[in-house]
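Here's the structure we're looking at; comments come further down.
Going by the order they are written in, the chains are A, B, C and D; count residues from 1 in each one.
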Amino acid sequence: MIEASDRVIISGYGKSWFVRATDGKFGTDIGLVDLEQLIGKEPGDVIVTHSGKELVIRLPRATDFFEFAKRSGAPMLPRDIGLVIGLTGMNKNDRVLDAGTGSGIAAIFFSGVAREVVSYERKEESAELARMTIRDAGILNLQVITGDILRESGAYDIVHLDLGLTPDHVRHAHALLSPGGYLASYSPFFEQMACAYDVGQGLFTEIAPYECIMRDIDRTDRGTRPSTRVCHSGYITVMRR
Amino acid sequence: MIEASDRVIISGYGKSWFVRATDGKFGTDIGLVDLEQLIGKEPGDVIVTHSGKELVIRLPRATDFFEFAKRSGAPMLPRDIGLVIGLTGMNKNDRVLDAGTGSGIAAIFFSGVAREVVSYERKEESAELARMTIRDAGILNLQVITGDILRESGAYDIVHLDLGLTPDHVRHAHALLSPGGYLASYSPFFEQMACAYDVGQGLFTEIAPYECIMRDIDRTDRGTRPSTRVCHSGYITVMRR
Amino acid sequence: MIEASDRVIISGYGKSWFVRATDGKFGTDIGLVDLEQLIGKEPGDVIVTHSGKELVIRLPRATDFFEFAKRSGAPMLPRDIGLVIGLTGMNKNDRVLDAGTGSGIAAIFFSGVAREVVSYERKEESAELARMTIRDAGILNLQVITGDILRESGAYDIVHLDLGLTPDHVRHAHALLSPGGYLASYSPFFEQMACAYDVGQGLFTEIAPYECIMRDIDRTDRGTRPSTRVCHSGYITVMRR
Amino acid sequence: MIEASDRVIISGYGKSWFVRATDGKFGTDIGLVDLEQLIGKEPGDVIVTHSGKELVIRLPRATDFFEFAKRSGAPMLPRDIGLVIGLTGMNKNDRVLDAGTGSGIAAIFFSGVAREVVSYERKEESAELARMTIRDAGILNLQVITGDILRESGAYDIVHLDLGLTPDHVRHAHALLSPGGYLASYSPFFEQMACAYDVGQGLFTEIAPYECIMRDIDRTDRGTRPSTRVCHSGYITVMRR
């Protein structure tokens, strides 16, 4: 049941809006929505605008937070987050350590998969923004810590690093991992992939650096072609303890 | 605690073996292992070979099943499975419908993330092999059904199709999805991506076809270069209801 | 020796200007240039601006025409033109047939390699603009014909097509080629590559469709990475008679 | 007219053979060919096998030498050679310097385009094999020198390097180039691209490093897909003096 101040998506007529169940009105191009009506509804229920249009209520997914959440920088893309999940086999038994939090998008995706996620962010402002998004999302198994991940001392199944990688990060991640656990390091830059690889040699049992070139396909009346837009996002280096 | 007939990984000295906790012995190149000793141990515990070498015991992850499970064909790669998870934001609240099961690898990955997975396979032999792997893995939230997915009538958050796609598959998937839910269709072939796209138009609110070109990076004394091996696996078309 | 009305490049201080040897002055940010002085000079000679800066004179190369020539649409990129030259082994004995001319850039590149180039363009305006560029460039072995390439009846070593391809184009190109000659069809779209391939089967002895994904590499203080800009230009289908 | 000891291609029934006009017989699966008959014929003429099958005679193109010439290592691919030609606008006025010769394939392609080509190879054995291929091909404007390219002191429009690149190579190439001329450095490895780029900064006016990912397209009854075979050949760094 949707409770006061929950975040929900209302959608219809090919559009979606990210709103909060609260008193007040929300203007859309198909009429005003009375947000208080959302409280007590169930996902899948319908809400009616002042002009009589029906909108379906649903809970936001991680992909919606990628679209709608406030950002403190360019977040990792869902495709790259998915690669980390797939290449590590991340699952609901896992304890995941993540840094840097940034806008919190990767950590939010991981929290929907893993048992528990701890995410480090050095900038207090970014950390606070991410915490706000996480509270909004009602996520309980994700903790954002302001500080340096090198100070962390827990035990983890997966460590995910998306930061200015140094050799210390690779060694520290190794020390925190359970046997069979994975370090996944993401970077747009070649040099950080090389750093991860070189330090990981000898420490980890398997090291696999990848580059992912993912392309949107444009299909129109003129024909079908790979989009000429963004087609490199980064290198992902996966290492197993 | 590891129980009789559980599957575990024992690893050490840079190698891993996929074994079952059962009576009997297992030969490795660093000495015989008495498999009965595994029963009652915890993940992270150590087992000693006849020649006195220590091996760490751990539970298999989805990535291990990709390596070690019996196959009835070429399974989807962890990277492509990860893309489906990332692009749909798959999470522990989701009911996922999957077809065709094949070796069961994608379904096993999904079962580690989602609340419940139902997977259809038309070939009885493949279905039975996948069921055996799933039992071995102790997975309880994944059911393999022998038959045609077009007969399924449940409600799902995500439908994943990796089969010879027809327009009926796209329409049927749409009918089974909750509002905000995703169809993800995977195919190595252009034509099936085009079919998914063309039928999906008008039915779904968002349609995003992608091609993923993922490359291993080779790093040796001679230099660093993208591997010249496999670099296309398939097209993934993601559509949202 | 540079003659009146020849096109030349003058360059220095990290910049280049595309000018004509004629009476008149040309303003640059390092001072005025008296263009009449260019007449009678040799490539490699120096010209001095009013403010005493030295600029080197050189003849334009095809790559300069790509940068500086007037365009009647998006021209083929030098890399794609190069692929056509490399994959067909284009050389100074070849007679080359080209269509559509467009801005004339591909034809200009080919004219620097081949013995003779004939290029068809259906739009009179584009044909005239290309002819102007070609006269400017002093190119004598390249003729632009306004009209439909299907009316051409000569014999060629190479036919290059960059137009809305139809089955007739493929059959006609085959008829015009010498034994061992090549048809190279360029298109940004999948469907035209498929058309070339399907019609070419049975007619040609070798058919090789390619996709080229070429990426600029960005190298800065932050690191090295493939540019996220354009990375698909088109499909090139090469067929040998 | 074909003269004694000239290399020619004879083709028909979907096959090609690379032969020499000389006394003796050549066995094909469609009958014996009397090679002496080739002498005095023209390209396009027909020769008849002992079993009465007709084969067309044609002169070899650079692409045929890529297929048929003896190799002393893995030659550069026609597509990469084409990129060098396109990105530098190589043409019949150019003097081209090339190293290392290797099997001579790149130099042979260049000799069909440029006015004159000089190619350096340090291994006498490779140089001699390349010279033999070049004599066979009747190429007169291409000279292979055994030795180190750093000893060369001529003036060139284009320098092409496909060797273990050192900073000295980049500086020396710059010194040999005319204003507006190009250095094109090819390497499968990232590190050599980075070396070219870093040394070229400050020396050259334009520096453009590229990576080319070229993929064969497989089109069969099952569907159309990029081949999973080789899709990285190398980095090409183009710099202009």
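Assume contacts are C-beta pairs under 8 Å (C-beta built on N, C-alpha and C of every residue); 3 or more make two chains touch, one makes a residue touch a chain.
These numbers were taken from a predicted model, which means no experiment stands behind them.
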Which neighbours does subunit C have in common with subunit D? none
Superposing the C-alpha atoms of subunit A on subunit D takes a rotation of how many degrees, nearest 5? 180
Which chain's mean C-alpha position is the greatest distance from subunit C's? B
With touch defined as above, tell me whether subunit B and subunit D contact each other through largely the same residue numbers, more than half shared, or through different ones. same
Go ahead and note the Å separation of the Cα centroids belonging to subunit B and subunit C. 49
Just the number, please: Cα centre separation of subunit A and subunit C in whole Å. 46
Touching two or more other chains in subunit D are residues 190, 213, 215, 224, 226
Overall pattern in which the protein chains touch one another (line/ring/star/complete/other): ring
Show me, using the given definition of touch, all chain pairs that touch one another. A-B, A-C, B-D, C-D
Any idea which subunit C residues touch subunit D in the complex? 9, 11, 14, 16, 43-44, 56, 58-59, 61-64, 66, 78-93, 109, 112-113, 178-180, 190, 193-194, 197-198, 205, 208-217, 219, 224, 226, 235
Touching subunit A in the complex, subunit C uses residues 187-192, 213, 215, 222-234
